[in-house]
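The two complexes that follow have chain A in common; it is paired with chain B in the first and with chain C in the second.
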Partner chain A sequence: MHELLLFGAIPPSRHTQLLNILSGISSMQPRPIRSEKHLVFKPNRPPGSVGSLKVGGAQDVNVHKSQIQAHALGDLFYMQLVAEVEEGKEEEQWVLQFRDLPEVARQRGVTSRLVADVPVTSGDPMEFMKALNYSHVSTYTISGHRFTHHSASLVLYRVTLPPTAVRSDSTSGGLPQARLLDPSGTYILQASVRVQDGSKVETMTKGVNELLGLKETLKGVVELEIGDRLALDTRVR
Partner chain B sequence: MPDQLSLSLQAFPTVDKDKESLKYLISRINQQKGSFRNVTEQSLEEEILAQDAGKPDDDQGVVETAEEVEDVKTKQEEVTKARDDIIKQIGQAYNESAQALDFVSLLLSKHAPAAAQTTLSPFLQQTLPLGSLGGEVVQEPQVSELEKRNQDMVSIGWRMQSLNGAADSLLKSAARLEEEMGRETTYWDQVLAVKEQGWSLSRLPREKHTLGVRYGFAEAYADFRDRGLAALRRDADGNISLDRGLRSSGDRALRVRILRQGKPIASSTKSTDGTPGDDSVTKEILKARNSIFDEELHHELHREARNLVNQGVRCIGESVLLPYETNNQIEIDLVSLEDEDLEVSTGNGTIANAIALSLRILLSHAHRQNLQRRSQIPPPLRETKTPRPIYALLKPVIEHIQHQSQVASLTTFLSTLHQTLSAAGLPFLFNPPTSPHNLSSFSSISAHPNKSMVESLIQSLTSPLHSVTTLHLPTTPTTAVIDIHTTLLPPHYSTTYTLTIHAPSPSTTLAALPTPTNLTTLLALTNHILHVLTLSNLQHTATTFPTWQAPSTLHGSTLSRTKEKSQSAEKASISLTGETLSLKWWRGAGGEWRACSWYADEGQGNDGGGGEKRGFDEVFKEEVDGR
Partner chain C sequence: MATLSPQDIRILEHTRQRLAQLTNSLASLQQQIHTIEPLPPWSSLHSLSQIISQNLASVSAHLTTHGPLLSSLVAYPLPLYPGREQEPVLNQLLRKKFEPHVEDWVEEGRLAGEEVVKKDGGRGTDEITDLWEWAGIAANEQARKHEWGGDYTADEIEGGIENVVTGLRDDESDEEEGEKEDQEGAWLAEWEGQENKKPEEGGGKSLSMDDMLRFLVRGEEPKE
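== the complex of A and B ==
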């Protein structure tokens, strides 16, 4: 599956206004995303170690070999477990998300990348990740609103980091509080269209056109831009 | 050396013959020294001496000459300027005088061409023919005082007339503007009134300067959604009027009629115009909205009806026909509101109205579901387009009609059976079938925290229907439970019955019947019930009269007895139809078949009818058992 993306930034003072505008464009009420938890996992093995064969040779030759294999076998990627969590709700539907490095944009005008979402239907997802030899590195939470306009999905959100532990030797603060990733409180508007098969030019063009049409509609309201390819890099360094 | 130096600085003197002439020299001397009277030999010598002695203060002399040069220069410039000025003015004067001369010459050329030609400028001679300008002495016309006054009066009159005209047209414009203002006020007041009633107003996409009102449904099929916008135009009096464009085909409404042999016996009533607003525009908007809703409903009904041919639904022309009861039909069509008087609704329209109402509720529900579907995270784009779903509008209606008619038939059958068996004195009771809807549960909304009351109500309308009835068989405490399910979904596409027998002991023949039994037609069910009751009766008789034995197979209906007493009957059979219970017995060899019947309506008959009113057990004891 492919995902086509455009991004925009909105200062908090315009948040309500933008909710109204998007509601009008999509002719639906905003669907709140109360708190969508993202757990980031990193593979435990170093890049390039996949299937590295230790057959004879001196140590330095092996190092050289594994470097070659790192190029040959490709990179390792971070993965995420995502679920909407609510207080008092026991059952959480976790989804294992993989996001590839975005393709080089060229003339397309939108960010496009390969994605895979695998819903976890049963079992303990944490145990599963452990079994995959992935370890948890960080957590963040998304909260905001979601809109649907034809086949495009618009998410207006902010990223919250989990509360830091209260240090016993610090005089400041009592209870730990969640803090925003961006202290200015800026919202991000992410417009995305998913395409089942990225190799089908026709459907890809349709998706791109829909996103660009949305960009045109929102001109002057919020400038939707192509995402920074390297900022969206999910490879393990 | 100094002499040579001074020489070298000066320009080499040119020898001018003129300047050597005496005339020139005299004038020069005059200029330099003044009159000859003042020039003496002595003074000239002094001068030369002074020149020779004056060498040491040569520098001062040079400075002075520089200043003088400066002075001379400015003076020269002034002079040049003045000279230029004079030349210019002279040129101008000459030019003007030449023009005047030209003019006069041309004027004269009419009378004295030869004389004029001498003074005429060559340019004018070339361009204009001679005598083209002439002059004549004329006399000033005599205008009398009276005429003068008249003329003045006329001019004043004209002026006044035009002033009056201007004033009039200004007044007219003012009046017109005032009227216009009144009309605009009325228009905007009415627009505001429409707005205040909650209608959404917007600009028309095609005509940017016209206001439109949106009365269509946002979730309707694109065709009908786009038609739900009409222009609010202003008529001559400033009243607002609704312009629905060319595509509107008048107000139409859905009509549901019940037909018996093609003739209507009942019809749904038209929606009354008892709207809260008396405003005609509001009424018109409401009518337009109702019309477009019914048109969409009709369109969707047709779409669905084509898929329901297996249920006996037919689309004939504009109308959809549903089977109803045994020989009736329900006809759904779209009628124009204009020919309202053509048919007066006859008969009891409750069913027809209920159907019309349900269909409308179901379409609204479909709209709501559309919004919900649209608000979900969209599925990834694919090459194949997902077709527009067909709404379930007729399906719940057909399900209800079918379910109710089946349950009613079953109830009739069971009550006849009850009458028959109670005429025979046999214990048989049944609970009337339960209603498929448990409406009391809606009072407690807390049961469905995630759903609104409306949604739970709608769900009761669309979910499969289920009724239960319990039969208490003569062989107490055996009961038979019938579950009636109606759904148009696969695999049954209709009503199904499940009969479950709860027998106390597993050894009886009843208990040996397969349970539960699934049946798909009412006939099969009634046959099955009769079979179960016959078996139950046999068993009941066998337990009451222990000398008799019930058949061991499931299909027998004959009781038999050992031949202990030859004068008594040896065989007896029970046959049960819905309305009759018959008991036949046979008295051994040489005997004959005798029978006794009980009827649902008349009670009991003996062979040819009549006879004593005895119960089944009594008859069996006295006649058959013969004890």
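== the complex of A and C ==
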């Protein structure tokens, strides 16, 4: 599955206004996303992959090694476990999300990347990730609202970081408090269209045009821009 | 230069016709002013000036459209032209520079045009500010004279307007209606509630979009 994306930033003061506008454009009430939890996982390099190829006394062993490594392993990618969590609700539907490095944009004008969402149907997702040799690196929560306009999905959200531990050796602080990723409270508007088969030029063009049409509609309200390819790089470096 | 195509000749003919119309209407205005005492009625002056300005506009549009062709044309006399008898006409036709008084007109027109551009559509900034200051109050005064209504359909009024789903609410109405809050208002109120609980609201400097995206995909918190 391919995902076409555009991003925009909205200061908190304009949040209500934007909800109104998006509601008008999409002719629907905003669907609240109360708390969508994201667990970010990073693959552990297979142990012994570095240094295990020291055979013989080749002088360019390092170059050789990294080449072999690249060929043998390819790139390794971050993955995420995502679920909407609610207080008092035990069963959470976790989804394993893979996001590829976005394609080089060229003339397209939108970010395009390969995505895969695999619902976790049974078992312990954390144990599964461990078995995959992935380790947990960070957690964040997304809250905001979702709109659907034709085939495009519009999500207006911001990111909250988990509360930092209360310091026991200090009188300041008090209750642990969640904090925003962006201290100024900026919201992100993410517009996306998903295309089943990214190799079909026709459907891709249709998707791109719909997204660019949306950008045109929202011109002057919020500037939707292409996401920086390297900022969206999911490869492990 | 290559010989003119029939289409080019048609364009020249159009130019001639339009100029002829313009001179005709100018002449009739002149004639009316000269003959009618003391002056022709304003309505006829007005209609004449309207005709003239229409003619001018059509000439100007025509000249602009066919500018490339017209500016590349050169006039020259044929051997058969009666040069001696028609010398003044010939001179006029072959003259390349404007006559001195025409040059003055052109200069005047150019200056007037520049002034219009400079003054932001013919009005100075002060004038526009004045206009807007007046317009806001004047529009409001007009609006107060009317009785506004029609926020709800007849069906909605019959069914009781409290049950109408109007979508988003502003904070004030949430507070005023408090208990009457319907479901649609509830999520927003809850949302606002969450907002207020969040610390550091509005403070601090904002992150760049790139930093935020980087965090979203890799979970790397931006360095301070």
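Note that in this section the second predicted complex is superposed on the first by the 213 of 237 C-alpha atoms of A that agree within 3 Å, B and C clash if a C-alpha of one lies under 4 Å from a C-alpha of the other, contacts with A are read in each partner's own complex, and residues count from 1 in each chain.
The working rule: a contact is a pair of C-beta atoms (placed from the backbone, for glycine too) under 8 Å apart; a residue touches a chain by one contact, two chains touch by 3 or more.
Because the structure is predicted, anything quoted here is derived from the model rather than measured.
With both structures placed on the common chain, the touch criterion links A:Thr16 to chain C but leaves chain B unconnected.
When the two complexes are overlaid on their common chain A, residue A:Gly123 makes contact with neither chain B nor chain C. Of the two partner chains placed by the overlay, only chain B lies in contact with A:Gln196; chain C stays clear of it. When chain A is checked against chain B and against chain C, the one touching more of its residues turns out to be C. In the superposition on chain A, contact of A:Arg179 is made with chain C only, not with chain B.
Touch criterion not met for A:Gly88: it reaches neither chain B nor chain C.
By the touch criterion defined above, A:Thr234 lies against chain C but remains apart from chain B after alignment on the C-alpha atoms of chain A.
Looking at the shared chain after the overlay, A:Gly220 reaches neither chain B nor chain C. Once both structures are placed on chain A, chain A residues 29 are touched by chain B and, in the other complex, by chain C.
Within the complex formed with chain A, the chain C residues making contact are 165, 167-168, 170, 184, 187, 191, 194, 198-207, 209-221. Contact residues of chain A toward chain B in the complex are 1, 27-29, 31, 146, 148, 150-153, 193-197, 200, 202-203, 206-207. Against chain A, in their complex, chain B makes its touches with residues 218, 371, 374-383.
Residues of chain A touching chain C in their complex: 7, 9, 11-13, 16, 19-20, 23, 29, 32, 38, 40, 42, 78, 99, 137-140, 143, 159-161, 177-186, 188, 225, 227-228, 231-234.
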